[in-house]
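Letters A, B and C name the chains as they come in the text, with residue numbers starting at 1 for each one.
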């Protein structure tokens, strides 16, 4: 579904070697110390950064040279996912028509997406008048209306309280399954995503380590970097 | 509880200017001689000001957008050059324009500069680059994510404009448009010298009633007419551009991801070239003519020193007053921040003089007058330069008050680091404006205070036109240096 | 804190050492007091004989000086006023601020003679149309020729509402054409390149070659001949005569330094003052000089007839005449 083989990215003194494989319907947590390149990985996948070497394959097609808008990829940021001057409904509608001119089918699609994330009643509000969690749900609703195959989430729930984070995580997982997406989620809460994630990708020391199951990752840290990250000392 | 000290200071300054004339108006029994020609005066004032505003704002937005999209080597230099017209005394700009398209110009017969066309060209020369800089700055305050979203959602150029850029421009637009409109409505030298006798603006009428007729009540009546008209227009502009809550951001835009079509690229470069063609030739004329006449006598140094002192003092005061005004969102504060342009300086100066001349006639008092008037005139620019970014800082208001950070500390710890580029830009505009100012000093009497613009006029008044060209160039070079320094200082941004 | 620093800063820069001597405060216009004007030399010469100090308060022009007096009234700080012209003396007289100058008016050598015992002339000049002889071979020989001449040969004028020469031309036209002045202005209109805000602006446009003619002074060509060594700029001699501007000085009756002020008024007509006029103010001296006039002054146009309204007439009709001019120009 999603694959990068022998990718390399460099910018100034920063370098990252990338190998990655994700199946559809799989929720992968991306962990690693800050500054390791978690966001960079997502930016590369979304097309905001370009690798000097290697290819990004989505569904068998090479998307490396495609601009962000042509990739079947959606990214949800930590903040500023919504335009403050547009209503929640309009913010979702942007996913279908950047000029906000929608036909009836499209309108129904927006309504359905908002309902799916539980925002049906708030559709006409502006982002300033809803909570942080609700703003992030808008971003998810927008993913639902787009022809997305890969979903990237860059610490999207960091600002939410733990209960809400779990809810949102569950929602992301449901969407991943329903839409058969390959989802990469950058998180700083390894323990919280342990149960939800299907696999964990760890980034440190300029490389992306191969995916492991959460149980394997937490049970026996394979590298000193992982141990240091998890706060355990390796024996 | 918010303190509104700057608002009160400005209100006090305005009252001090108007009250003595109001007393005279009441004493005169309200019998004011106002001719019917005042309607054609009003119509002409509004016509040329509206046209000048339109011709400055629309290209200002397009050029700012093109500059924001195209990152090229000379961009900072071009923006620095765009800061200079503000410092050019009106007559120097007029002579620059006639040197290009006048009867003895480089391109005679292209468009005659004598008449409305010439007035508009000079006004656009002054205001379009200023608008470009302010809009460019506003465009830089979008969060990076906004452009990422636009790229990901496949926004067309127009969608990017309407969804990402327009909301940012809208924050700056009412203030920028209001400044330009007021400036052009009050324009005097360019209007008279290029428009000829039939081009009478309200400002000319006010000047006439204060000067030739020495009829302060009539001047006040006309002034109140101008204030009423301008306030109504500003209120209308604000209502038309209702503000939305801005993005709360700390990391401003660095990249724009959207792939650019060849058409867009060509359009951008066409726009930038066009913008350059409006601004650079006049500056070029000043450079070319002044180069061989650049001279440094004792007078030059004296003028330079005094100009810099007065300008730094005026700009500092304007910044101190302007910072809280940029934060305020009520319409009274908005009108107050524009008062230096709404209220004819001649009326203010007359009123102040009536109240304060009893305190003495010292140089210090005259200098204070000049600084006060200049900072009031510079205030709208300061507020315009600060507003877009200041609005984004509103998000931190609660944190600040929670931590008890206020006053100077708030500025030092929170705002200066975050608003560095906006603040230097604001300060620079006030500085450059005051450096080129002649209004305050002419109205209040120079009394031995020699600035570069007064030196320039002294030279012109004594047949020394060539020396005046050298002085104009020096003024421009100083402002260029300051602009460059301000850009360097502002760029060290987080 | 910042404001305190500011205040100290400003005071430090602009404060002058306190004067021990008597200070004679003279209100005048910028270009007289300015560093290129005669003010500096006049100050030095008078301070040599008076054991006092001259303090100039420089304002935009004669009109601004008069307005300043009107604003201040009896509280004026002026001891002497220098630079009003005869178009303003009636209004200046009406303020009641001026006292008798006490100088023998026979010393004053101005066209038409002088008899005013309040104001004393210090220089004079005839207005004239100055033309560029390289651009214009057949300059107008009369005001009428100017008004009715070839409209493609333009002239730069000054606005009578904002400038003294501008007012001068308006009065000149009125004196020649009387009730038909409005018609004459309408006829002249196509010849006017533009009406500048001030003499400075108009003259700059002219010297840049924007038009072959400008409204200025008979003495203007003298500067170009003396300093720039060129005689391409010439004044046209008009058959109807030329309108005259006489610049005057007056003393303030309530001045605490009245004796000193009177001494200065006597000084105005002495050669030490008058010598400075021709080559710095570029006007004609109003009394005998001890040094000969610059050679170029001999080559200047000598108007056949002097045109001048009485100050009272100007004061009474100026407003109405300006309205008439404005209507004609619209």
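Convention: a residue touches a chain if its C-beta (ideal position, glycine included) is under 8 Å from a C-beta of that chain, and two chains touch if they have at least 3 such contacts.
All of these numbers come straight from a predicted model, not from anything done at the bench.
Asker: Of the chains shown, whose Cα centre falls closest to the middle of all protein Cα atoms?
Answerer: B
Asker: Of all the other chains, whose mean CA position lies farthest from subunit B?
Answerer: Using the mean of the C-alpha atoms as each chain's centre, the farthest one from subunit B is A.
Asker: Taking each chain's centre as the mean of its CA atoms, how far is subunit A from subunit B in angstrom?
Answerer: Here subunit A and subunit B have centroids separated by 46 Å.
Asker: Can you compute the centre-to-centre distance for subunit A and subunit C, using the mean CA position of each chain? Integer Å is fine.
Answerer: It comes to 80 Å between the two C-alpha centres.
Asker: Mind checking the centre-to-centre distance between subunit B and subunit C? Centres are C-alpha means, answer in whole Å.
Answerer: Chain centres of subunit B and subunit C, defined by C-alpha means, are spaced 34 Å apart.
Asker: Which part of subunit B faces subunit C closely enough to touch in the complex?
Answerer: 35, 37, 40, 91, 94-95, 98-99, 102-104, 114, 188-189, 192-198, 200, 204, 207-208, 210-214, 299, 306, 309, 313, 316-317, 320, 350, 353-354, 357-358, 361-364, 366-368, 371, 408, 442-443, 445-450, 454, 457-465, 468
Asker: Tell me, which parts of subunit A touch subunit B in their complex?
Answerer: Touching subunit B from subunit A are residues 46-48, 67-70, 73-75, 77, 79-81, 83-86, 94-95, 98-99, 126-128, 142, 146.
Asker: What residues on subunit C touch subunit B, complex-wise?
Answerer: Where subunit C meets subunit B, its residues are 1-3, 6-7, 9-11, 13-16, 25, 30-31, 33-37, 56-60, 63-64, 66-68, 70-72, 75, 77, 91, 154, 157, 159, 161-162, 192-197, 199-205, 207-211, 220, 223-224, 227, 280, 282, 318-319, 322-323, 325-327, 329-330.
Asker: For a test of understanding, state which residues of subunit B touch subunit A in their complex under the given definition.
Answerer: That would be residues 143-146, 148-156, 158-159, 163-164, 167, 244-247, 249, 255, 257-259 of subunit B.
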